[in-house]
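Each chain gets a letter, A, B and C, in the order it is written, and its residues are counted from 1.
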Amino acid sequence: MSEARGPDGEPPPDRRATPGETLDRETNRWRGVNALSLAAGALGVLLGQPGLLLVAVVGVAFGAFALATRPPDVHVELSRELDRTVADPDERVRVTLTVRNAGESLLADLRLIDGVPDALDVVGGSPRTATALRPGKAASFSYTVRAARGDHEFDPVTVLARGFSGAVERETAVHARGDGRLACTPRLDVGDPLPLRALTTGYTGRVVTDTGGPGTEFHAVREYRPGDPLSRIDWRRAARTGEYATLEFRRERAATVVLLVDTRETAYLAPDADAPSAVERSVAAAGELFTSLLSTGDRVGLAAFGPGAFWLAPGAGVGHRARARAALATDASFAPTPREEPFFPGLELRRLRRRLPADAQVVLFSPLCDDYVVRAARRLDAYGHPVTVVSPDPTADATAGETLARLERQLRCSQLREVGLRVVDWTPGEHLGAAVETAGARWSG
Amino acid sequence: MTPREAGWDRVSGRVLFVAVGAAAAVAGLAVALEPSVAAGFSPTYVAVTLVGGFALLQAAGAALARFRGERRQADPPEVERRRAFPTPGAEFDERLASLPRRIGRSADRQRTALRTELREVTEETLVRYGGLTPEEAVERIETGTWTEDVRAVSFFAPGADGGIPLTERVRGVLGTERAFARRARAVVGALAAYSRASRPTGEREPPGGDEATDGNRRAATGGDE
Amino acid sequence: MSRGEERDRGEDRPGTTASGGTAETPGTAGEDGEGATGTGRGADRPGDDGRDDPPGEAETVRLDARPSGTGTAIAGLVGFVAVAAQAPGGPAVAVGGVGLVALVGGLRQGARRIVSLGVLGLLVGVLVAGAVGLPTELLLVSAAASAVAWDVADQAVSLGEQVGRRADTARAEFVHAAGSALVATVAVAAAYLVFRTVAGGPVLALALLLLGAILLASVLRG
């Protein structure tokens, strides 16, 4: 086991041990006891009070006690139990941690802090405990977390141990056996259907058809040509003017849409500590839109613009929907906390361009809080993939910097609209459908 | 006492302690075994008093050192809450707050960088929300006619700041917040007011349901609502 | 060991299902973090025992970094003993009394500085009591109790900072207090033994002997 030292020979308080490593810190909690014994002895001599000299003896005894500066030998076995390992969002999951002293000496002062995953909140009990364990004995404690979307892995438990005197503290990290993952997969159900026509350019072509039915609408009248179906002749005009004309109907062609979620580290922003991050809102919106588009017969794909670069080619069907749901819930590319891997935006943009079907349009989910994403959106649009941007707003206006960031974001929205991209500015707490409608009103107004 | 205790406990002090302690122990034994030795030794008491006083001073010093609180223990992270993500704009506030107070190259560089960034945002805001051309925007910034807030105006055009009242200037000299930061905040406030007062111009109608053909995009006529 | 099915959460008693080894006697660490050891825990928010909250109603808990009620109680009790033993000394008890008040007040707030100040007050009170001539037996008791109070208070503050008030720390606090009480008892016994042995001899001899021992002990073992 290696020991790590800080600048003055001791690890700083916020340095954490890695599993297998021990960090020893001297607590100095008895500092001054010898000095006080000295004071008592000195006073006793000066004032001729033998009682104080005896007080000094007591002090020296405690001073000797305080010299037990050998850190305790920490051998513990930890096991964790979750009352469920698959949960729905907002469900309560109870976590029980059991610690056993697997060493041969008494652990007089043992403190444990469980490694609750980054993206989970504790809503009941405490993930920490302090106990004293004889060799072979065990103790356990529990707490409750609230499940949230994602595939959550528990971190190693921080173990802090001291002897009876408490003069030295030893820190280690121990992996707990047993349940270490909690998976939470939200359903992709849609409440109200989204006004999709505003979001996608459904009419990608004029096709004359003699079939009626949903999705067709009157488009134009043209001169009658021999061979046109009789059901398409404009009989009213013929009755009026005696000329034959053919009605043209237009059918909506199924669109090919790729939902692209901005999952770069710079996209993980939130207006305050309790609000969902922009990525979280983007993922939820992508799920809703995926389902809505599939239900109207469009072919939908899913991609992540960020580390991991998830790609699901446009398709349709129940299996396809299930794949998308699983990916949005637990794939590492859409994780609730940013990934540490490097990401090369230029490379990824090129790769994306190669993968996009020629007739695909893109719906980009991004908070629009940096300039690169604006360039990327414009480039994709210029490549021939109409881009619509759904932008969850993570800005606030409590300070000058936040106000400035809000303003800059508005300018970016404006820049994109200027070149013809559609931008849905989605404020926190607003229902996505309402935001799309509001934005849609200015498009086809 | 550990070697890391600050200040008073130096090696020389320890040597002194050992010497005095040894002498005292020997003397104590002598007196205990031969009480007559102590009879004519009242100066010993003076010496003991001195040692006692010195010890008291040491004790006081150690007590103070303890009270300064050099206790060390692990500071584990707060695992109870999920990770909190930054709010956009936090770095800007950080940069404003950490501007060095002294005049110097690095301070100038930081100020220039901030000024340039704010300038770009101001120009773009004036163009988009105010309907000005870029040249007009630049001119208004330089002449200080883009807003009525004199502090915001003076951020870009120091010469046009004749309107800053004396109280403001005095506060600028005496106050803790640097004038630069205060003026920068005024600029942001003015821009926010500007953007609230008007809507962006120049945004085109995106191709809607009607006229698009395969991949061709035609911009509809007209710009705003 | 994955569990997909729902289990009634209210019936899980982790103290009885500890895997590997026998569980510690319940009543302390064997229960969940809310453990009811009945020592004035207080300040628990209603409805957040985590078992049967309706979704959306429970708040995220935050670390309450104050010492637990148990630790505060033990430190207060021991500190009271220290001050009470000085009672025959008359006004000298004032310093100790102020120290005790600061100690308990600081512990309830979780303010480390005030707790340090309180401990210092207790200790200075002992010195003052000895200076005015409190009987040796009472003085020794007071000194030992002050030292134990120092230990327990620091332990409570440290536990509060690292483990928090919501967690169940009673067992750790009691074991630790027992340890330092043992040391205190041994120390008092040793001091009393010395007192009885040397009593009657010239004060100067005793003084020099002890002073020498103290200085040597402080330096050599440090």
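Throughout what follows, a contact is a pair of C-beta atoms (placed from the backbone, for glycine too) under 8 Å apart; a residue touches a chain by one contact, two chains touch by 3 or more.
Everything quoted here is computed from the prediction, not taken from an experiment.
Q: Which chain pair is joined by more contacting C-beta pairs, A-C or A-B?
A: Higher C-beta contact count between the two pairs: A-C.
Q: Can you tell me which chain lies farthest from chain A, using the average of the Cα atoms as each chain's centre?
A: C
Q: Could you say which chain's mean Cα position falls nearest to the mean Cα position of the entire protein shown?
A: Central by C-alpha mean position: chain A.
Q: Where the centres are mean C-alpha positions, what is the separation of chain B from chain C, in Å?
A: 38
Q: Please tell me the distance, in whole Å, between the geometric centres of chain A and chain B computed from their C-alpha atoms.
A: Whole-Å distance between the two chain centres: 30.
Q: Where the centres are mean C-alpha positions, what is the separation of chain A from chain C, in Å?
A: 42
Q: Could you tell me which residues belong to chain B and also touch two or more other chains?
A: If we look for residues of chain B contacting two or more partner chains, we find 1-2, 48, 51-52, 55, 63, 66, 71, 73-76, 80-82.
Q: Among the residues of chain A, which are close enough to touch at least two other chains?
A: 27, 29, 34, 36, 38-39, 41-43, 45, 113, 121-122, 126-127, 160
Q: Quick one: which residues in chain C touch 2 or more of the other chains?
A: 60-61, 63, 158, 162, 207-208, 210-211, 213-215, 218, 222
Q: Give every residue of chain C touching chain B within the complex, in rising order.
A: Against chain B, the touching part of chain C is residues 60-63, 112-113, 116-117, 120, 158, 161-162, 201-202, 204-205, 207-216, 218-220, 222.
Q: What does chain C use to touch chain A in their complex?
A: Touching chain A: residues 1-7, 9, 12, 14-15, 17-24, 28-34, 48-51, 53, 55-56, 58-61, 63, 123, 126-127, 130-131, 133-136, 139-140, 143-144, 147, 151, 154-155, 158-159, 162-164, 166-169, 171-173, 175-176, 179-180, 183-184, 186-188, 190-192, 194-195, 203, 206-208, 210-211, 213-215, 217-218, 221-222 of chain C.
Q: For a test of understanding, state which residues of chain A touch chain B in their complex under the given definition.
A: Touch list, chain A to chain B: 8-10, 13-14, 16, 23, 25-29, 31-32, 34-36, 38-39, 41-43, 45-46, 113-116, 118-122, 126-127, 148, 158, 160, 169, 171, 197, 201-206, 268-273, 277, 336-337, 359, 367, 369, 384, 386, 394-397, 399-411, 414, 417-422, 442-445.
Q: In their complex, what parts of chain B are in touch with chain C?
A: Checking each residue of chain B against chain C gives 1-2, 9, 14, 17-18, 20-29, 31-32, 35, 38, 44-45, 48, 51-52, 55, 63, 66-67, 69, 71, 73-76, 78, 80-82.
Q: Using the touch rule from the top, collect the residues of chain B that touch chain A in their complex.
A: 1-2, 4-5, 48-49, 51-53, 55-56, 58-63, 65-66, 70-77, 79-94, 96, 118, 121, 124-125, 128, 184-185, 188-189, 191-192, 195, 200, 202-210, 212-215, 217, 219, 225
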